[in-house]
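Okay, here's the structure, questions in a sec.
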Amino acid sequence: MRKISFPLIALNFKTYAQAFGENALRLAKIAEEVSDQFGVTIAVAPPIIDLARVAAEVEIPVFAQHVDPYEPGSHTGSIIAEDVKAAGAVGSLVNHSEHRLKLADIGMVLKRLKENKLISLLCTDTVETAKAGAALSPDILAIEPPELIGTGIPVSKAKPEVVRGAVHAVQKINPDVHVLCGAGISTGDDVARAIELGAEGVLLASAYVKAKDPKMVLIGMAREALRGWEKRI
Amino acid sequence: MRKISFPLIALNFKTYAQAFGENALRLAKIAEEVSDQFGVTIAVAPPIIDLARVAAEVEIPVFAQHVDPYEPGSHTGSIIAEDVKAAGAVGSLVNHSEHRLKLADIGMVLKRLKENKLISLLCTDTVETAKAGAALSPDILAIEPPELIGTGIPVSKAKPEVVRGAVHAVQKINPDVHVLCGAGISTGDDVARAIELGAEGVLLASAYVKAKDPKMVLIGMAREALRGWEKRI
Amino acid sequence: MRKISFPLIALNFKTYAQAFGENALRLAKIAEEVSDQFGVTIAVAPPIIDLARVAAEVEIPVFAQHVDPYEPGSHTGSIIAEDVKAAGAVGSLVNHSEHRLKLADIGMVLKRLKENKLISLLCTDTVETAKAGAALSPDILAIEPPELIGTGIPVSKAKPEVVRGAVHAVQKINPDVHVLCGAGISTGDDVARAIELGAEGVLLASAYVKAKDPKMVLIGMAREALRGWEKRI
Amino acid sequence: MRKISFPLIALNFKTYAQAFGENALRLAKIAEEVSDQFGVTIAVAPPIIDLARVAAEVEIPVFAQHVDPYEPGSHTGSIIAEDVKAAGAVGSLVNHSEHRLKLADIGMVLKRLKENKLISLLCTDTVETAKAGAALSPDILAIEPPELIGTGIPVSKAKPEVVRGAVHAVQKINPDVHVLCGAGISTGDDVARAIELGAEGVLLASAYVKAKDPKMVLIGMAREALRGWEKRI
């Protein structure tokens, strides 16, 4: 598994009108630039259709948005870990709130990612399910209260107890799991606050993808991520 | 929550041809008789359609086979915890291998059961997902390798390491969770072996429901459950 | 298959707080009274858990809210047509907007209902899918634009072209299929308008279940259904 | 919408070990060669991850294996029609037996494909659901009894009545829909028989993808497709 360093800013492009095809590449390139400039790890998760091309053209870590719990075989319209690997991705989101999985399938997807030396970034919605997630030993776990996703109300300010609770609960069950937080993260300040609460980074989408000036937004986040991280150490 | 004592023999009637309508009642009555005779707790999970009637006519604990993750409201064809409670059931199976749920929904179902003082019996398929399940604090957790379900090859003999592994892993994460095992449990001997491995009981279906003489099968299981339990203490 | 006469007022109780347990029975009894008084067919679809009891205590047609596409067998937490029949129901809703099914499963559910001489009431959302539905030969088809469900904005007034379009399209593909309309139906006037547009009845939920005086609401609907029907003939 | 001519041989690569990454390209190139040589339309549906690259490197029609029923937006891990179009595909399989969709979603996917001038190839399992499918006006409909998929037992020989029945039923409901058949199609002879029964082509997977010599298999199919087609005219 390729190593990822923290703090981590993970950008989910979803399938926004601003983020597929040529735009996926453009947004990934901006992320690469900002990552290089600030020395902060920035990962991107472009739409599935654009995964291979984006992975071929940037040096930053590229994640799939989803992988199916299958071995290669008789599965039509599915995404297998082997092909995600072949496409040049380093990992995958798992169980995003817009692509929830059955518990048994999460177990299987994590196994499939591990077998292919891909990094797993498991999303969960509550402190309770974050505990369950930690017990499954993903590489990274993101806590995202779904009611805040896409709202611009940052979890790190609106629900600090959820972030702190998840960080604490995950550490207790499996201290090797890195914890991010997400939902409503919109500014550098939200990122700084997340890191202050114990998160090792953030997962976000619309604030970057739909920004008038995505680069400016990301620069603010990278700068504050670093500042917050230094304070913590 | 009504208390349940252990060892526990939990009988899932599924929707077998031998187990719905009048037969659901007949099989529940037999279970009640054997439970009374041996002083072993035997719980039954009849088909949803028969739940209320069975719960009205037997004194043993009756479980729903499934509950949906919803509050009462605009949900057609769903099963809400409040109605399961009103029907006289004491709890529900959750995430059976034939009715797998999303992780987030399992979290919600467990919450809904708790709010209604109903016992949760969470099914999982591997030691890994059993850990995740334990982190969600169900009342009871059953480990059932799906490849053995309905085969007559007992998990307690074919995969003792899975039963022992699950018991151990669950105790480590949440010692309050009672662990059952299931899949292929067919005889009193299989039950005794399960208890010897650390399980506090068994979950089974076809071996009881499809038996020529269900009473005889259940008597064998009740007797061995007791014997195994005494040895353990 | 038990015959149902038209116009038909079909009441979906969903799993509303006002409609399960004792309330399911109470609401069904009121429907029975109004049906007797006006000679209009009124069918009720209580929550699954309450199906058997309601069917045992009223003479009007009782429908399940959902049936699974399975034969009796190894299916946990499922609803099989045989058990719905044994419970005394005369039919089932299929593919309600809150319980959408795969096309292949709709095909199977309709087959399973037919084999058990149960009436199928298939819900669809658009004129296009109503055509597809008609091609599957259900006994009754309800067209319900989901964006109006539960709004109180009646489909028969807000989208008359959808009702008329569905009636026309269904007749062309399969003239034996009876067409209802639903979504937002709240008053006798909405019912009259639906029948005027060619529907043979209505499917509704909240306007009855959540009414302060359900009986009064239903009387208004029964009266206008008759009046509309007579005009049509 | 780009035009497709018939007879059509549609090759579903699924996510077979032999068909992703570099192999997807290799298999698509062979199909292009055979198509050029015989003047028969051969379409390929590579794994989603490989779609863009395959579409960029071959001239034959490339299909997605699946498209989601969404507009561009907040959907993680999904496949939107706009992106499939941008990737250079000309259409998509819909509702393959390994990726069954809800009826309402099929309606929406067909609409999304049409809006993006993409060809829809709708799969159905029985004559009944083929009728329903035809009512939804896809460009192409494939009838594939799932019990024969991957068996090597050709539908055109084992169930000629299903092929003939589907062709007849579809023509009656919507004569503009082209009908293919699939499941077990393994040899040129199976293709010839399919065309003789009224199909305008075939949909197949393993017989091509897993063949020792895929080119040889495809040549046999292309030759017999032409021969059968000439006889028919």
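The first chain written gets the first letter, and so on, giving A, B, C and D; residue counts start at 1 in each chain.
Following the convention adopted for this analysis, a residue touches a chain if its C-beta (ideal position, glycine included) is under 8 Å from a C-beta of that chain, and two chains touch if they have at least 3 such contacts.
As the structure is a computational prediction, the values presented were derived from the model and not from experiment.
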item	value
Residue-number overlap at the chain C/chain D interface, same or different (half cut)	same
Most remote chain, CA-based centroid, reference being chain B	D
Chain A-chain B separation of Cα centroids, rounded to whole Å	37
Distance from chain D to chain B - Cα centre to Cα centre, in angstrom	45
Residue list for chain D, restricted to those that touch at least two other chains	97
All touching chain pairs, where touch follows the definition stated at the start	A-B, A-D, B-C, C-D
Parts of chain D lying in touch with chain A, wherever the complex brings them together	12, 14-17, 20-22, 45, 47-53, 64-66, 70, 72-80, 82-84, 86-87, 93, 96-99, 149-150, 205-206
Chain D-facing residues of chain C, complex	95, 97, 100-107, 110-111, 124-126, 128-129, 131-137, 146, 173
